Structure formats: structure tokens, C-alpha cells
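Shared between the two complexes below is subunit A, which pairs with subunit B and subunit C, respectively.
Let's turn to the complex of A and B:
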């Protein structure tokens, strides 16, 4: 008898929870309805699966005038370093060089090379060393920086960086196949970037 | 409901007061006879059998409790990872939009099983399967549609390097227009939602951008670096794929551990209930046999006296 009661309770709590979620979800846009239609044609008995846009808060629209602050989302595979932080400027290490991003920047997709990302907020500057990724800057002054690995610059150990640089330069000179050369070249690039990050 | 069951079982043991229970009880250590027939044709159970049953149910309960603890600890470890990785796919969806219904010729579906997507004519769908369970399910009817099968993913804890190698393998071996990743998104320990994530190949992205609609303003984005826009878009698509895969695998693992935990939990609760009922049965049997012994002794004594 008590088991049934607990089962009933669990059922109501989950249904309450799912109702709470459905109130958070923004209205599904037009193209998703195509998907839902074609799904119900093929498999009418099951609910259609959700898609990622139903789990994401909608992004703000492009404001008519340039906003004063840039919103930065800096994400890594294992953590979101900064999410929705309002800053004055960020400098990203794009493959074409250090690129400064201010609010109202032209929408851009930039591929990043290993280097320093610096976040300027008033008078504070936080520096991270990134190992490549992408920076997406949207028209509504939201910048998404996605990197594979990032560490604050003071976590880098100069001795290990020097050693790594020496190792990889040696590997590069002794590399035979293209694959080995490519790997060694990447190692050299990353380590020399780290070197200039610590010293510069 | 439990009371009704007990009452039912109580009525089963009423005929224990029939003549031969002592022999049944005494002979039980040597010859466990489960069901003896009394003179009226009613049946009763010896305590030995009940004791054995209790022992085995208790063992099962211990095992399922241990499995639940293991699943709970794994869940805790992987849940923090999953929640941290949730920010990973959001920038891509914000940029490239989410087009589950993009009309493409070649669909490649990646899944850990339990889902089967059908599409209309002219569209070929290929499957990339991760995990043994999915393989068993899909290999029976869609054998010719399976491109790649990858197993033994849960040996080492998931990290991004592993997933990027996996993504690399898939991208190398499979030609695709759209990759659809099907997984269970973890919402809470008792609820998982099946979700489909779509990654489009660069050509389709170009096509959709030109035709307007959701990706219409992709063209307004300046592309920095690299030689051509196409190259950057390709890198972006590959990066997007590995990020989305990473999140999908983590969510799937979380959902699996959550399901396991709740299954083990209900199973150990079940075993606990069974154990309670068996204990009552055992006590009844024991008390009934003691009562009949007493009755026999007393009636024997009173026969001697009077």
C-alpha cells in the first residue's frame, strides 16, 4: 500500500517537473514543426524527441544602438569559465593575429591559434592561455569563445615550457613522416606561444 | 495491499493444526520436503524452505543495494562533468541554428540505441552505432545500413580527447550531409528526454545560408583567418561535431547511471518487502508448530491423568 503511494507521489512529482520545464521552453520555431509533423507521420505513438534549441535560453536580439558592454561566454569542454559576463573588451588570439573585440563588433567567425585571451573589465585584466578553438561574435554584442583547453597564465610553469619547447624542436628536426612533422610542428607552436605568454 | 496478501497467506497456513506437522518439522534438516499433504488434502510449508528463501532474498537485496551505491557514485561523478559541458554546444546552436528538419540526401544517425528514425524515400540513412546494446537492437533489421560500430566506450572515464578521436574516426569514414546524434538528455534521476542534435556538413550550411530562413544571416558574419570561408566552415563543423558528441555521450552516460540507480533502488525495496512477508510466514510456521507440540504434550498428559 505504501509502495503504491510512493509510486503515485513519484509520478506526480515527475509530471509536475516536466510541466515546469515545458513552461520554461520558448515556443518551438517554424522549422521544428516540420520535423514534428514528419515524425508523427512515421511514428505516431511516441513523442518526438527534443532538439537542442528547446534546452537553450533564447539569445537577445540585436539592439538598435551599440550597447556599452560586451557579453562574453567562454566555454571549455569540461567547464564554462565565463558565462554571460559583461566586460568592456576581449582580445582573442585569432590565426591572423591578436584581435580586439569591443561591443558593437561586426559579426565574425574567427579560428583561434594557441595564445593568450585577455578579458578587460574596467581596470582588471584576466589572461588565459588557450590552445586553439573558435570565437564567434554575434551582432547582438555577444561573444562566444570555445576553446579546447585554457589555463590562467600564472598556472604555466616556465621550466616545463622551456623543456617542452626544446623537446618538440628536436622532434621536428628528426621527424621523418608528414604526420610526425605535423605533430612536432604543433608542439613547437604551442610551446612558443606559451613562452611568449609567460614572458610577454 | 500488503495486508490483503498477508491475509491470503495466513489462510494458507491455517491447516497447520492438522495431525502431521511435527514429523514435517523434525525431519526438515535431513529431508526438506516443501509441500506435504495433510489428511484433508491441504498443504503447508516447512520452515527450512522459508529460511532458505529468506537467505537468498537477503543476498539479492544486498547485491542490488551495492549496485545502487555504485551507480549513485558514478552518477555523481559524471553529473558534474555533464553540467559543466552543457555550455559547450550552446554557441554553435546560437550561430548555426538548429535544423532537425533540414532536407538532406544523406543522413547519418549516431546513437546508442533505442531509437529508430525513419525518413522518406530518396533519403538514405546510415547508422553509426555506439555500444553493444544498440548493436544488438539494430543489427537485426538494418544490417545493411550500418556504417560503423564502436564498442567498449565505458572502459575509461570519458574525456574530450577520447571523444575527439572518436569524432575523427567517424568523420574520416563516413560521408554525410547531416549528422544526427540521438541521445538521452539527463534532466533528473528519474527523467531522461530523448533528444536529436543535428550537425550539418559545410555544403548544406552554405545551401541553407543562401536560401535564407534560419541560417540567413550566416553570410553577414565575417570570417577571420584561414584561406577561404569554406575551410573555416569545415573546421567549425568538425569542432561542432566533437563538442556536441562530447556532451551527448556524457548526457547518455548520466541517464544510464540514473536509470540503473532507480532500477536497483526499486529492486532492493522489492526485496525488502519480500523479506518482510517471508519473515512473517516463517514466524507463523514456527509458532504453529510450537503450538501443536504443546497441544500434543498437554493432551497426552491429560489423557494419562484422567
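Let's turn to the complex of A and C:
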């Protein structure tokens, strides 16, 4: 049995990865070549019309080696905070805890809880308080972070946060139906997250 | 696959994710400092105009303003 071991070990270390991972993405083409070929066969005189894919910026392909920077797109329903910004690391407040994302992170979809998003670029750290949202990390080291509401931490008013926390804690103890309890619990969670963001 | 997997407390209480997310956003907006708070409250307003169509022509539209759910 052990005579085979060295042969097997040598085989696995020297064999190259011949199949790509299913989460690796190729670059999207800027034009649909099938459509253009079929068009020119049928109507050679007119130029093919532009399809939606030619208006969009092509998706970058999964690079073969880990890139040095992470590209972050941080969007809100009413504004795009960061668009294609190259950073070193972001820390997102996932429901499973603070998650640090570096270039080359495994593709992940994370639901976010109310908390702080920090963007690290060289020695600068920018922090935002997010209300909730999702973080999508792709194989090509692009991270899309979407939130409904995001504010810099110094836009939060500590007095209002304390008052809200006290109100909702009181509502939680006096709530009767499931829905009221859930709403009060949400209030307590969000306000305590804001509280720890201000003080932490 | 467990269909009774641990669900978040708000879903167990019958709330959808979008309601949860909107409640969180409203709570955060209410705790902002003054100039930012008024800007945020204008963002929170949702309004849409509805017009009924009869005989292929739209009637005069009405503007409905949905007050934010709390």
C-alpha cells in the first residue's frame, strides 16, 4: 500500500488544474458575434443594430493569478457611492459577523446586517454605517455592495440613537403580537448597532 | 434539505425582507443629525401618479403619495 503512496502523491502535485472552476467567469464580449453573423447573412446592406451588450462595459474576466487590488462598487438606491474603485480591502458587516474581503476572495453572496462598512485603501480607512443590504463578491475580485441607506458615522446623532434604543427596548417588553415583537426587535438591533458604531 | 431551517426572526413573524430592509433604513434616517436628516426625509417619500385609461385614452392622472411604513 505504501509503495503506491509516493507515486500517487507525486502525480497529484505535478498534475495541472485542467478544468476551470465553475465560478470563474470569462470576460463578457462587447458584441454578440452570432447575431452579427446571422444579420450580415440575411441583410448584408444594412449595419447591424447595436444590442444592449454593446452599450455596457464588459465584465472583466477572472484573472489567472490573484489580482493586487479589489474593485468595489458600492451602490445605494439613490446614488452610487463608489463605482469601480480599486482598494486593498473592505470589511463588510455580514449577518455571520464582520467579514474581511481581500482580492482573490472566494465568490460569496453575503446578507448584511446593520453595521459598519470600512473601505481600506493604503493608509486611508473610510467608514459608512449601512442599514442592511447584500455584498456580492465575484471570482474576478469585483465586490458589489448594495445597501438601502448608508451614512458616514459622524452623521449619526448620539442623543437620537440613545432615545430610540430606550424606546424600542421598552416596546419590546410590552409587545404582544409576533409582528410587534419583530418590529421592536429590529429597532433594538439597529439602534444598538448604531450605538456601537458611534462609540466603537 | 431542511425546509424548517432556522429563519431570521422577522421572517418567522411573517415579515418579508423588503419590509425589514425598509424599516431598518427608516430607523437609520430618523437618527441622523439635522441637515442630513431633512435631506434623507425627502428621499424617503415615494409618490407615483396613476391614470385610469378608458377607450384607449388616459384620464387626468392623480398623484398618490405613499407615506413611509414604520
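For the reader, a short list of remarks on this structure follows.
Note that in this section the second predicted complex is superposed on the first by the 144 of 200 C-alpha atoms of A that agree within 3 Å, B and C clash if a C-alpha of one lies under 4 Å from a C-alpha of the other, contacts with A are read in each partner's own complex, and residues count from 1 in each chain.
Keep this in mind: contacts are C-beta pairs under 8 Å (C-beta built on N, C-alpha and C of every residue); 3 or more make two chains touch, one makes a residue touch a chain.
The shown structure was predicted, so the numbers you read here are calculated from the model rather than taken from an experiment.
In the superposition on chain A, contact of A:153 is made with neither subunit B nor subunit C.
Of the two partner chains, subunit B and subunit C are each touched by A:78. Subunit A is touched at more residues by one of its partners, and among subunit B and subunit C that partner is B. Once chain A of one complex is fitted onto chain A of the other, the partner contacts of A:89 are absent, as it touches neither subunit B nor subunit C.
Looking at the shared chain after the overlay, A:114 reaches subunit C, while subunit B stays out of its contact range.
Contacts of A:179 after superposition on the shared chain: subunit C is touched, whereas subunit B is not.
Contact with subunit C, but none with subunit B, is seen for A:190 once the two complexes are overlaid on the shared chain.
When the two complexes are overlaid on their common chain A, residue A:133 makes contact with subunit B and with subunit C alike. Touch criterion met: A:164 reaches subunit C, while subunit B stays clear of it. Touching of subunit A by both subunit B and subunit C, each in its own complex, is seen for residues 78, 95, 133, 148. Note for the complex: subunit C touches subunit A at residues 8-10, 12-15, 20-25, 27-34, 36-37, 40, 43. Listed in rising order, the residues of subunit A touching subunit B in the complex are 1-4, 10, 14, 17-18, 21, 29, 31-32, 34-35, 38, 42-43, 49-53, 55-56, 59, 73, 75-80, 83, 94-96, 99, 106-111, 133-134, 136, 138-139, 142, 144, 146, 148. Within the complex, the subunit B residues that touch subunit A are 1-3, 81, 84-95, 97-101, 115, 118-120, 159-160, 164, 182, 185, 187-188, 190-191, 193-198, 213-214, 217, 220-226, 232-233, 235-236, 239, 243-244, 246, 269, 273. In the complex of the two chains, the subunit A residues touching subunit C come out as 78, 95, 114, 129, 131-133, 148-149, 151, 155-157, 160-161, 164, 178-179, 181-183, 185-187, 190-191, 194.
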